[in-house]
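Pasting a structure below so you can have a look.
Order of writing sets the chain letters: A, B, C and D. Residues in each chain are counted from 1.
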Amino acid sequence: MVNKIKAGIIGGAGYTGGETLRLLLSHPNVDVAFVQSRSQAGKPVTTTHSDLIGETDLVYTSDFNQPVDVLFLCLSHGESKKLLSENIFPATTRIIDLGNDFRLGDTTDSREFVYGLPEFQRDKIIAAKNIANPGCFATTIQLGLLPLAKVGLLKEVHTTGITGSTGAGQKLQDATHFTWRANNISAYKTLTHQHLGEINQTLKKLQPDFSETVNFVPWRGDFTRGIFVTSVLDCSLTLEEANKLYKEYYSSHPFTQVVDEMIDLKQVVNTNKCLIHLEKVGSKLAIHSITDNLLKGASGQAVQNMNLMFGFDEREGLRLKSTVF
Amino acid sequence: MVNKIKAGIIGGAGYTGGETLRLLLSHPNVDVAFVQSRSQAGKPVTTTHSDLIGETDLVYTSDFNQPVDVLFLCLSHGESKKLLSENIFPATTRIIDLGNDFRLGDTTDSREFVYGLPEFQRDKIIAAKNIANPGCFATTIQLGLLPLAKVGLLKEVHTTGITGSTGAGQKLQDATHFTWRANNISAYKTLTHQHLGEINQTLKKLQPDFSETVNFVPWRGDFTRGIFVTSVLDCSLTLEEANKLYKEYYSSHPFTQVVDEMIDLKQVVNTNKCLIHLEKVGSKLAIHSITDNLLKGASGQAVQNMNLMFGFDEREGLRLKSTVF
Amino acid sequence: MVNKIKAGIIGGAGYTGGETLRLLLSHPNVDVAFVQSRSQAGKPVTTTHSDLIGETDLVYTSDFNQPVDVLFLCLSHGESKKLLSENIFPATTRIIDLGNDFRLGDTTDSREFVYGLPEFQRDKIIAAKNIANPGCFATTIQLGLLPLAKVGLLKEVHTTGITGSTGAGQKLQDATHFTWRANNISAYKTLTHQHLGEINQTLKKLQPDFSETVNFVPWRGDFTRGIFVTSVLDCSLTLEEANKLYKEYYSSHPFTQVVDEMIDLKQVVNTNKCLIHLEKVGSKLAIHSITDNLLKGASGQAVQNMNLMFGFDEREGLRLKSTVF
Amino acid sequence: MVNKIKAGIIGGAGYTGGETLRLLLSHPNVDVAFVQSRSQAGKPVTTTHSDLIGETDLVYTSDFNQPVDVLFLCLSHGESKKLLSENIFPATTRIIDLGNDFRLGDTTDSREFVYGLPEFQRDKIIAAKNIANPGCFATTIQLGLLPLAKVGLLKEVHTTGITGSTGAGQKLQDATHFTWRANNISAYKTLTHQHLGEINQTLKKLQPDFSETVNFVPWRGDFTRGIFVTSVLDCSLTLEEANKLYKEYYSSHPFTQVVDEMIDLKQVVNTNKCLIHLEKVGSKLAIHSITDNLLKGASGQAVQNMNLMFGFDEREGLRLKSTVF
């Protein structure tokens, strides 16, 4: 018989809260103890996540202080730090923060957070008490660059990434008005995206002499799920050498695959996977990488981190059927 | 040399206001005297209609009392009546109301409104002082039924229509959140849509003994522009007879075409046209009709009505390149 | 330890073949013995189903005559009958045909097929040797009408349904060219859709005196997955009575839910569920029903039928994370 | 009274042929003498361009040898050269080739082609007898770089561009299957796109010492019309200086606008415009540029070139209502 852990979700009514809930509800090692939401307290979780009708009777709570083994913080940026400063959770409760409050080494009085990118530092995650879950663009870009940084071959990088609308969250705003966004493309935060901090932090840990820039141009796409990234840089490796480097680097990481054929976004939508495809033209190496921003870029990676911390199979609860089409 | 009329737009910052402005700016017989907007007064019209950058220097006004020959009211439902009760416009100013305040025969103290569906009563529009411009679903459904009502063959009708997101207006709301609406279909106001009033009013004028129902199921589609309607009813006409009836009815109406091949929505997107296709199966006649909800279903028809009232060619300013794709 | 059955898929390179494979690969009671494809024999299944990269090493076979417990026929219409006339499969091999060859009571020399709509005749499916899996529109429309037919209240029905592009299959054709279909709506097979045969067959079995018509207008939608159907008919039941009837009818059927709030298509996309919502306006009952055409409308229902035939939990392998967004 | 020229279209059944036809039909200075199509000869042009139903009775011809003033070649790449080698057109007939056969300085025995980018060399176009109309990506990228090259400030450029499906033409192919392309992003021809030749040719004419690379990553987008490009390069100019440079460069070019606010693709869809927006971050200048690939990127620019060659207003027939939504 399976010994189950208890999980709580704080901020369960948003997109990442909902995806985390969907994953945990069918995770064989987890009981969802509570799903907290300030705005929805007292209502069934199916009020906001109506696709779960018929699958759960859970009701949003306002109270999150019942003891759990793991706590997922699915809050707006800045709110996790505030929550942990105003509330004391048992030291035995592991915390996985899906926001960006602790990704750059910030700590609270009592808790240190480990940056939760398994392909970068799985061993530290296994031993961690608290996880700062990476950002979605940060995950997709880093997975495209980690092997190069590992061998010290990173140079100035030019990266363009396009993201689905779920990256902008549930709140109504001009940039997610259907009439505006449908069939539209736009740029935002050119070369200044907030994920550059965590990207550079990782890359410099792997390649301490890396002093160049990741020039990142983010675009908004007219789809809901997924991130497609292409990074281009000078590289002395041949295509064969580069593929060998990448395939060896990811050989023990079940969710990240280096693919010989060109990839396209829908291969990973609704999965926890990252696919990578390399091309070499002249002196340039081009690295394409794709993820589902809500799964490998958020809730899926959070559950992956939970699996690692609690000794479950890394893939447990994450063998998801892709939408494909 | 062309003698131009002066036009004013009230409520110019919304979708129908913007479309009316786009059409009038390139209309050879019209000078746009002002575009009023409460929320945007003092700002260039390109602030909200950024596709017009480089095409006009007009600035939104708060003041709409300069004399014009024609005034387009592009307001939320209920606001036109309020505006006309609180302001006096010169009796010589013709008014075209794109809202639904005057479609069912309501009048103000001094103004009577003619229902502005040219294919139903062009002569009355030509002689009118004020126009109640039809609703978008109402236009598309009526154009599918007018010929039958004319010859007294209307019976109980079952109609389903699907509309683009622009039909729901510019305001942020759950039903126009990109993440929700993309790739989604939903129903609303089943059998109770507010356009049924004007539809029945027209049909009963043409066929006074029509006492049956138009059972109308409206759906929300995952596109921005256009309405596709299919109406089904019992009909004793053969397909040939029905096509003959429809083609004769619309022979003098340049924007409504009866087409022998199956139609699809994008044939009319970004145009003022309505295409109709008929099928006969057993005793049932199926009538497919399509329009662009913002043009033939709103601003285009408003300009068509203006053309008729001022003696311009009915098509002036409305020979629009369709998007096709 | 789980005792697994062996499954084979014939016609594995198409959409329903691929979806069946995705479901079986993660089904705890199934080993996929082979996936046959004439066009792809010898190539990895990931050649056509590239989202499965990293999840399976299966290679398409040309040969399908190794013995299996269950055989899924994922062929074009007409090809299943041909296959079974030209090949002999062991009598112990159960066959689930996803095409339309055997839905109307056709048999082969040696095999009888049971119409595989569990909500209609689960007991017969449990005892069946061979299943004719229902069509996608047929499933969605029938689930909206079964309870009424059961109590003899079916009358003439007017139904409109809209389907995603996957319903048209993998073959390149004008109606699935992206440039044409994006943002487009069109009608086809008005009142003559081939699924009307199986729909009427079921309805008359439940309500033998039903001699009226299901007037079905199918539309093509500009999305890939899912079917949204609205049926309207005269009904003497109150809304409360209708909801009671439907909820009781489906109380023991885990995948079909009667929902009090309005439904929208994406609630069921990438799941095996059917959601139903009822409205009553005047004398009319409106029934909205939604499914994923490739799952509850095809491969998901096929696996559900397999579960029933082999005594597995009806939901096994079908607790799928919806895409939601 | 307007003196009209006669125009012929060769290859009228494709996308650019159709767009050219749409533009010419409403051009006040043009009579369409014929529209040739090998595959559709004898059929009405509305057979393939069904949005033109009710607007023209033109029938496709197989014969294109009636004399015209201007001939638009809307053929697949390679076919223009073949056509001109196999047929003799009067020397007085001006030819505008929308393919890529003559963009790199190739000539026929009797004809020299001028590269038809008005913002680069309008004077030469005015004097030209034959035009090689630029490619869609080539147009959008060059318009983002011309002012820098003019003043010798071009350095190595990193460019990403995303294109609508119409860029891939009318032919059915995997990359334009709706089921695949909807909600999908993919890369192709990374750093090797065929438009790089004409881009480099122009840039080197403006800045002869430019020996660096335009590193161009093309992506396929899930929309039908439009191109969004972001180019990034080192630049010593301040943002103010760059904006001044660009605005002065384009001050006399009516279709290209430098905009102070961030731009988005739908601002130009269904128009002949190019909008440009500049940003400066650290030492990097980011240049966003957008066009409609079928208009400014093909047929619209072809008509603009015709206007210039025949002394018409550059904007004649090109004051198009944008779709906006």
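By our rule, contacts are C-beta pairs under 8 Å (C-beta built on N, C-alpha and C of every residue); 3 or more make two chains touch, one makes a residue touch a chain.
All values reported here derive from a predicted model rather than from experimental measurement.
Looking at A-B and B-D side by side, the one with more C-beta contacts is B-D. The chain with its Cα centroid farthest from the Cα centroid of chain D is C. For the pair chain B and chain D, the distance between mean C-alpha positions equals 34 Å. The centroid of the Cα atoms in chain B and the matching centroid in chain C are 40 Å apart. Averaging C-alpha coordinates per chain places the centre of chain A 46 Å away from that of chain B. The residues of chain D that reach two or more other chains are 15, 165-166, 179-180, 182-183, 222-225, 263-264, 266, 269, 325, listed in rising order. Within the complex, the chain A residues that touch chain C are 15, 18-19, 22-23, 26, 49-51, 53-55, 164-166, 182-183, 224-225, 254, 257, 259, 261, 263-264, 266-271, 273, 275, 294, 319-325.
Chain contact summary for the complex, chain A toward chain D: residues 158, 160, 162, 179-180, 182-188, 190-192, 213, 215, 217, 219, 221-226, 228, 230, 232, 262-266, 269, 279, 281-282, 284, 286, 288, 325.
Residues 15, 165-166, 170, 172-174, 176-183, 222-224 of chain A touch chain B in their complex.
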